[in-house]
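There are two complexes below, and they share chain A, which is joined by chain B in the first and by chain C in the second.
Presenting the complex of A and B:
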């Protein structure tokens, strides 16, 4: 990072940290949305951006983290429950990673989507069997606290993602993206790398899920494990450009802003705009915003 | 500036000031609607009630806010069927749009999610389409639930109804979604207490596409009562497939679905004498407002109202209207009024005890010749139960 970029990043962080004191309650909810999506999308890009393994199942990690926090509510303190949610999500990714990461391309996409649905219905049935099919949480922390915690996770995600990209692990994952067979032939331990990156990309979403359960103060499996959350993460990464470290941040922030501008005035228009945006980027700028900016002009 | 122009401007300005003094600003009422997403099919039953109420009140000169009459203006947003989004929208309605009053969103999860926001800003709202034992966990004071369809009361009432119709062996199938499962929890012991044997008790996934295995088992079990704790989509599925397979139990109950006008339209005589959950019928003459509401609704929208959701949504508007006429727009006065007064609604008198409706009894409807009749309890029944 150049000194100038360092100053800019520091200033952005200071500004983001001051948001609860600068804006009203509604502005804070938007900031909370932005921090949540940045944390989720950047975490996703740890595997999705480097090795181009497109997980459509990240909501499973988010939901598991939420489920841990909700089931341990008023049993464990939140400083334990939220990180525990992240660990459970990471452990789950590690477990399913070995078999799931053996398939590539569209098979991986569909398999992750299927696993997320499986987890959703498993939790739904467990909840039904427990006779606790919807849960209310009382005395949750206020939005200011939740925002600062989520912002912390977003920053942590950015740091972890940046460290991975600079490491041997990151180089190995990029090699997997470029040519998985060649990478394996020259000795990159692709199995281990992919599984580790998958688990790493699951931990922060697990913790974010826990915080979001506190935010809504209500838990219902169909809502928390809604696959639209996974779709949104991928859309944000594609729009921003997942290959570049800054892409997921830009994509998440852009879509949060577009969504804010459109949903209130044109709810149907929002979904259309989202579709047009996605098609437009895939067709005309497959590298996303960052890819389009980086490409030398003819 | 020309003298004439100056004069004209002066006159226009005076007219504006005078106009503003006479025509009161509209009362702005905010809410969120599940226009898109999972609950989108349910939203029109609620929205039509709101629109009809607004148009009626505006046609009659506006909402009586204690000292004057003011037109109603809606401020609403799509919550994408997402309770978290709905909570954010109510925060925006209160802090950013600064609405005068609130109406409810659709569904139990959304009501519960919004309850926290209402509590935070001390903003009273009359709920409608929410039914769960969980509502009793909500701190009373800013939200009220006019429904009488709460699972711990439905279970014993349904068991008593089944027993009164002569059911001895019951088969239960239940969706795994919350409302069905809550009902299941209270129903099974209640059936036992009534001496009814439960011969089948199976749960099924929310997106079930084929019930033939379940229904064949029910047919073979010899059950004389079938209780399907179903959501709308699976109620439609049940009705179609139970006919094909020939489920002939005289008592057949579907939890949610038959109150939708499309249900009777889709099945006609096939659905006759199906029993369902609901506490309102236009045929109850003791409720003076019921039939006029029904007739006006059919005239406005060319279809029958949803006997559960549309009725509840309209009741919440009536309660709000009567409370505002007495208390005005002041939040504290409004809260005290809603909490203590008795309101005259299309479902008869309503009075709240804590967050719950203390008057309207838990009741059941039966589809008889395309008309929805109350058959239980006896003091509100509009027709006698008929076996299928």
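Presenting the complex of A and C:
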């Protein structure tokens, strides 16, 4: 990082940290949304951006984290429960990673989508067996606390993703994206790398899910495991440009703005806008905004 | 008691109907994927649109769903053509692997758009058709007329396509393009036209299936996705371009779901569907790619 970029990042962080004291309650909910989507999308890019293994099932990790926090509510303190949610999500990714990451390309994409639905219905069945169709949480932390925690996770995600990109692991994952068979042939331990990156990209979404369960103070499996969350993550990453470290941040912030403009009045309009953006970028600018800026058209 | 349940012809009939529906939906995806390598994750949304065609035809004019089915198929053809002109010619220029990867995200975007447009137009609340629900007893099995219609039409369409692919010039051309597009072009098959025809047929079959299934399923903007998943199970299990194998796979999935639910509880229905899907992909991690590569 150049000194100038360092100063800019420090200033942005200071500003983001001061947000609760600068804006009103509505501004705070937007900031919370922004922090949440940055944390999710940047975490997703740890595998999706480097190796281009596009997971359309990240909501499973988010939902599992939320489920851990909700089921351990008033049993475990939150400083334990939220990280535990992240660990459970990571452990789940690690467990399913070996078989799942053998599936390549577009089949990986639909497989992750199917797994997330499977997890959703599994949790629904468990909840039905327990006789709990939805749960209410009383005495949750206020939005200011949740925002600062989520912002912390977003910063952590950015740091982890940057470290991965600079490491041997990141170079191996990029090699997987460019040519998986060749990468394997020249001795990149692609299996281990992919599984590790998959697990790493699941931990923070698990914790974010836990915090968001506290935010809504309400838990309903269909809501927490809604595939729209995975779809939004992928669209944000594609719009920003997942191959570039800054892309997921840019895409997330941009779409949070679009969401604020549309979501309240026209939730379906927002989903349609997401679909249009996804198609438009895949067809016309597959590198996303950062890709288009880095390589201007001849 | 469990044995009685398993041996019950009633259950067999339910499994056959569900399986035939899956086979029909999968047949459409097989044609599209086989000839164009388009991973249409919006395939189930065509089923949804077909179901709405049947619903509105019945609600507005009293036209029974089996007669609305050709209209739903026609809508499928229209959408196929619009898609072909609007987007696909851009996608199809790239190589096969690129097409697969790009088409998946593009179709996923389209799927979200279509679902939400449907929710805007028809509201998100599910609807149901009550028609052709008289019960007929055949050999001691109680069947509703609607289920008999679904079974017969699905089998007739699957059989007709199967025969058409072997016995007509266009059918043979489609089979040739599925097997090996480049070689088909060399021997004089008009590949772009054949692909377009297959796209029409695939979308039409999905719309038709939706109009039929509207008689037994809840109709809603988000009903399509399970059918997309079922269609993928059918083509991955049955084999690319192997329509006979697809019919067997569709029936198998119907049996897994119906007997699985009978042995557990109705709430396990979705888990059985997605579980089968995940298991099928984990057992065949190359999806259809290897089959396609060996053939091309």
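As a working rule, the second predicted complex is superposed on the first by the 287 of 298 C-alpha atoms of A that agree within 3 Å, B and C clash if a C-alpha of one lies under 4 Å from a C-alpha of the other, contacts with A are read in each partner's own complex, and residues count from 1 in each chain.
FYI, a contact is a pair of C-beta atoms (placed from the backbone, for glycine too) under 8 Å apart; a residue touches a chain by one contact, two chains touch by 3 or more.
All of these numbers come straight from a predicted model, not from anything done at the bench.
Engineer: One more residue to check, A:128. First (chain B), second (chain C), both or neither?
Structural biologist: Touch partners of A:128: chain B and chain C.
Engineer: Please work out whether A:25 is in contact with chain B alone, chain C alone, both, or neither, and reply first, second, both or neither.
Structural biologist: first
Engineer: Figure out whether A:138 sits in contact with chain B (first) or chain C (second), or with both, or with neither.
Structural biologist: It touches chain B, and chain C stays clear.
Engineer: Which of the two partners, first being chain B and second being chain C, lies in contact with A:261: first, second, both, or neither?
Structural biologist: After superposition on chain A, A:261 lies in contact with neither partner.
Engineer: Given the touch rule stated above, what does A:271 touch, chain B (first), chain C (second), both, or neither?
Structural biologist: both
Engineer: Taking the superposition as given, does A:294 touch the first partner, chain B, the second, chain C, both, or neither?
Structural biologist: neither
Engineer: Between chain C and chain B, which one touches more residues of chain A when both complexes sit on the common chain A?
Structural biologist: Touching more residues of chain A than the other partner does is C.
Engineer: Touch check for A:216: first (chain B), second (chain C), both, or neither?
Structural biologist: A:216 sits against chain B, while chain C stays out of touch.
Engineer: Show which residues of chain A both chain B and chain C reach, each in its own complex.
Structural biologist: Residues common to the chain A contacts of chain C and of chain B are 121, 124-125, 128, 268, 271, listed in rising order.
Engineer: Please give the residue numbers of chain A that touch chain C in the complex, ascending.
Structural biologist: Going by the criterion above, the answer is residues 54, 56, 99-100, 102-107, 109-111, 113-115, 117-118, 121-122, 124-125, 128, 231, 234-235, 238, 268-269, 271-272, 274-279, 282-283, 286.
Engineer: What residues on chain C touch chain A, complex-wise?
Structural biologist: 39, 41, 87, 90-91, 97, 100-106, 108-113, 115-117, 119-120, 225, 229, 232, 267-268, 270-271, 274-275, 277-278, 281-282, 285-289
Engineer: Please give the residue numbers of chain A that touch chain B in the complex, ascending.
Structural biologist: Of all residues in chain A, those touching chain B are 24-26, 29, 121, 124-125, 127-128, 131, 133-134, 136, 138, 140, 212, 215-218, 220, 222-223, 226, 263-264, 267-268, 271.
Engineer: Give the list of chain B residues in touch with chain A in this complex.
Structural biologist: Listed in rising order, the residues are 35-36, 38, 77-78, 80, 82-84, 87-88, 91-92, 95-96, 108-109, 112-113, 116, 132, 134, 137-138, 176-178, 181-182, 185, 203, 205-206.
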